[in-house]
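Order of writing sets the chain letters: A, B, C and D. Residues in each chain are counted from 1.
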Amino acid sequence: MKIKVTVWGENVHELKHEAVRKIYPDGMHTCIAAGLREAPDVEVRTATLQEPDHGLTKEVLDNTDVLTWWGHAAHGEVTDAIVDRVQKRVLEGMGLIVLHSGHYAKIFKRLMGTSCSLTWREAGEKERIWVCNPGHPIAQGIDKYFEIPNTEMYGEPFGIPAPDEQVFISWFEGGEVFRSGATWKRGNGKIFYFRPGHETYPTYFHDKVKLVLKNAVRWAAPEGSRWIDTCPNVPIEKAAEPLKRKGESVHKPGEAGLK
Amino acid sequence: MKIKVTVWGENVHELKHEAVRKIYPDGMHTCIAAGLREAPDVEVRTATLQEPDHGLTKEVLDNTDVLTWWGHAAHGEVTDAIVDRVQKRVLEGMGLIVLHSGHYAKIFKRLMGTSCSLTWREAGEKERIWVCNPGHPIAQGIDKYFEIPNTEMYGEPFGIPAPDEQVFISWFEGGEVFRSGATWKRGNGKIFYFRPGHETYPTYFHDKVKLVLKNAVRWAAPEGSRWIDTCPNVPIEKAAEPLKRKGESVHKPGEAGLK
Amino acid sequence: MKIKVTVWGENVHELKHEAVRKIYPDGMHTCIAAGLREAPDVEVRTATLQEPDHGLTKEVLDNTDVLTWWGHAAHGEVTDAIVDRVQKRVLEGMGLIVLHSGHYAKIFKRLMGTSCSLTWREAGEKERIWVCNPGHPIAQGIDKYFEIPNTEMYGEPFGIPAPDEQVFISWFEGGEVFRSGATWKRGNGKIFYFRPGHETYPTYFHDKVKLVLKNAVRWAAPEGSRWIDTCPNVPIEKAAEPLKRKGESVHKPGEAGLK
Amino acid sequence: MKIKVTVWGENVHELKHEAVRKIYPDGMHTCIAAGLREAPDVEVRTATLQEPDHGLTKEVLDNTDVLTWWGHAAHGEVTDAIVDRVQKRVLEGMGLIVLHSGHYAKIFKRLMGTSCSLTWREAGEKERIWVCNPGHPIAQGIDKYFEIPNTEMYGEPFGIPAPDEQVFISWFEGGEVFRSGATWKRGNGKIFYFRPGHETYPTYFHDKVKLVLKNAVRWAAPEGSRWIDTCPNVPIEKAAEPLKRKGESVHKPGEAGLK
């Protein structure tokens, strides 16, 4: 069965800026989706900010194994209700791949719990992306490193919790470094942050970037089963060991405002 | 210089329920604060939900090294603006100790990024809290374990990110287990979750619980300096290596909606 | 293609003790292997201490995706050369499942870097093994918990590095708790420690124990590619950026005693 | 009370190579010790490979809060018995700071459990060391980065377990990156790996390198108490809950070859 991917795109720069439209005439999400469609085991749909529910209805998310996220100019326009819904699905097991300026997306900040801030510069400089674990599934097909000739720079400090695994670190022409590929698990969902990809450069046409995204989608696909998390009360008569109530209680299971 | 602790209490059960008031006539926060005041190196104030800004003004937080948090019935009444402010201070370096039903506090869920859910039962059963690292600063003065004769049960699965360190695990009379003491670092702030402490039991009068809280406050006190995190632009002319602009940009530093 | 599993057994108690032979007439490794062979996607061989190279020749390891390890009375008889070889294969990507008293096996201590000690008692008491992440691939098919009616007890503190994921925690009749299922990644290899399984109890005939082992083998199977790790010198003329030598050197690549 | 530091130096290059002696006439360990002695709260002794027990007797280690380790040409000459002793002290709570080519020291490989390999080049190139957490105690007094004008290059992949915290990442003139400052906790001991420091460059005279070492010594100083780890048997009659023996046992506490 194919891995069901939903490519989410904010789709704002593309509508506003001719310079962006020249590179991504059908939007960045369309380009990212096309790259993933090269993989025979992956089935791709797209969703954008402008659609109802930003294209992320409960039904779409229930049928998504891995969600990729690109946003930049309109993080604030993503409604909290949709962020709640996406977070819940990640915790249940859906994979999430956060791209570039998505570091500041509500959903990424929500899952990390940290500032997610960084330093940055737009100078079209060169980036060299090094592999930290050559055996890692996300790095397959990449040699020691790959290069992006012109890109926006992101630099440390990157305000993230310590990653489970460091997959890539970038070197920049202007002298900075950055933790460009990192993984976390939250609940039962796998999360991968991948730095490259800027609206004024054709990064998502880059062979190695496309390869990493295909690898990442396979890595992030759910393992195990969906974890439905409910904070259940365990009645005394169902305790694993025989129990009698001692003391009193001021609240009841299901009472408003508690669990 | 003394460690400046702010003990935050929701203070709702105490106002509503005679059964709680019998145990904690001046509120649970007052009892927790009194336990901490036994430590000569700690300076304690309290703050409650009912005060303006819930007692957590910018000035109070700027003068707090470690914040302890107890809430249960009114998590939803804590305003998001105050949660933002507390999160920011934790990331800057303030320690945070989350107690018992605080597992569902907005600030804990915000920092963890996960469901923070668990299973639970109120039967007044016995809990035995085991030490996982006898050398850990938070476990000093505790032998292999300590017991709480009557308590609410919390059981696994506990919906948290993998802790940096597991300090305590609980055994319950009714047959459950729980990761009762766990640490994380987020930004420059140390976080400790500690399970014991229920409104209808005199848990915060328990010698060992008081001892753990004193230890935890010392452990969570800020190290290093305050981390003010801003996502700064690095101008091309200030790059560490000489750079010339290549390509064009569609946005400017400071432009609304971006960084 | 099937997952190639090698089940390693120390096979000492079985040869020495009638009480053990009554339960495991063909050795514990044979019983563990039989349980795994129930999985149609798994191909199993066994290896024991008494064979040349303990049955773990370079060829066997090169053809092993996942190695399971049970040892107890003869950890010291496993030669360091074989431990080196197994460690190298794990770092390259082979999965490793360490069972019960294998907590003190040279290979486990080698990979953890810690004492791996614990507390223990043989009283035939009941163990209840709780799931910490119900969606985890290793916990599939297990409800909230499963029980082993008679077992040796292992208790905290368990001298391990903080696990990447806590899959199971045990509750014991005699009052202890233990981190019974935990995962780590070292190099490109996945490691799972699983507590149950003692020589004088029929633990490896237990349906749920067999299920967990089948799950664990699938989880631990290599992802990505083999990581051959060599500490290579990068000649100046092959540097990614143009470089000229500055300063002098007192050693040469390949010089004995250095890299 | 002062922090008791033992600076361990292999002291081989200094004895063999005039080029090294010109920079470090009294040995690198003497220079490192002198830098630490600038801190009024630190008390420093040195120890070298050539001394009996390599200068690391039980008494010396019992009186050491933090051990720093520099080795390169003679890792193989450090006896396993001393490595065992140092490892045990780290697990009990002694801090360990591993410097530069110490990445391949027996003690570092022992505690990490991984290959600890990396790529390298001696070209005297420039290194820029970036701070990943500006609030971290080890980074105090360092601005965004500091530079070393001429150094040996170390590059990724670095064969280490995922660090607890990434403190520094290096940028190299020749195009590489490296996780130059990273922390782990093993048992009750704090470990810091710090990349800079090569025998043919005056790195340990560098103000910022000296500052980081002083910071690191304070950070790594023991917290809590010594953890003596013994794998104790818990007699049935001392179980926390009343227990009766069920089933039989084939071994006894203290029996040779077991715990």
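In this section, contacts are C-beta pairs under 8 Å (C-beta built on N, C-alpha and C of every residue); 3 or more make two chains touch, one makes a residue touch a chain.
Predicted, not measured: the structure shown is a model, and the values here were computed from it.
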Hey, what chains does chain A share as contacts with chain B? C, D
Counting only C-alpha atoms to place each centre, which chain is farthest from chain A? D
Same or different: at the chain C/chain D interface, is the fraction of residue numbers used by both copies above or below half? same
Inter-chain centre distance, chain B versus chain D - centres from mean C-alpha coordinates, in Å: 32
Distance from the mean Cα position of chain D to that of chain C, given in whole angstrom: 27
Quick one: chain B and chain C, Cα centre-to-centre, how many Å? 35
Residues touching two or more other chains, restricted to chain A: which are they? 128, 133-134, 155, 157, 162, 164-165, 171, 175-176, 185, 187, 227, 240
Chain adjacency by touch: line, ring, star, complete or other shape? complete
What does chain D use to touch chain C in their complex? 13, 16-17, 19-20, 72-76, 87, 91, 104, 110-115, 117-125, 150, 153, 155, 157, 159, 161-162, 164, 173-176, 184-187, 199-201, 227, 229-236, 239-241, 243-251, 257-259
Considering only the defined contacts, which chain B positions touch chain D in the complex? 92-93, 128, 133-140, 145, 164-165, 171, 185, 187-188, 219, 223-227, 240
What does chain D use to touch chain A in their complex? 128, 130-134, 155-158, 162-166, 169-172, 175-177, 179
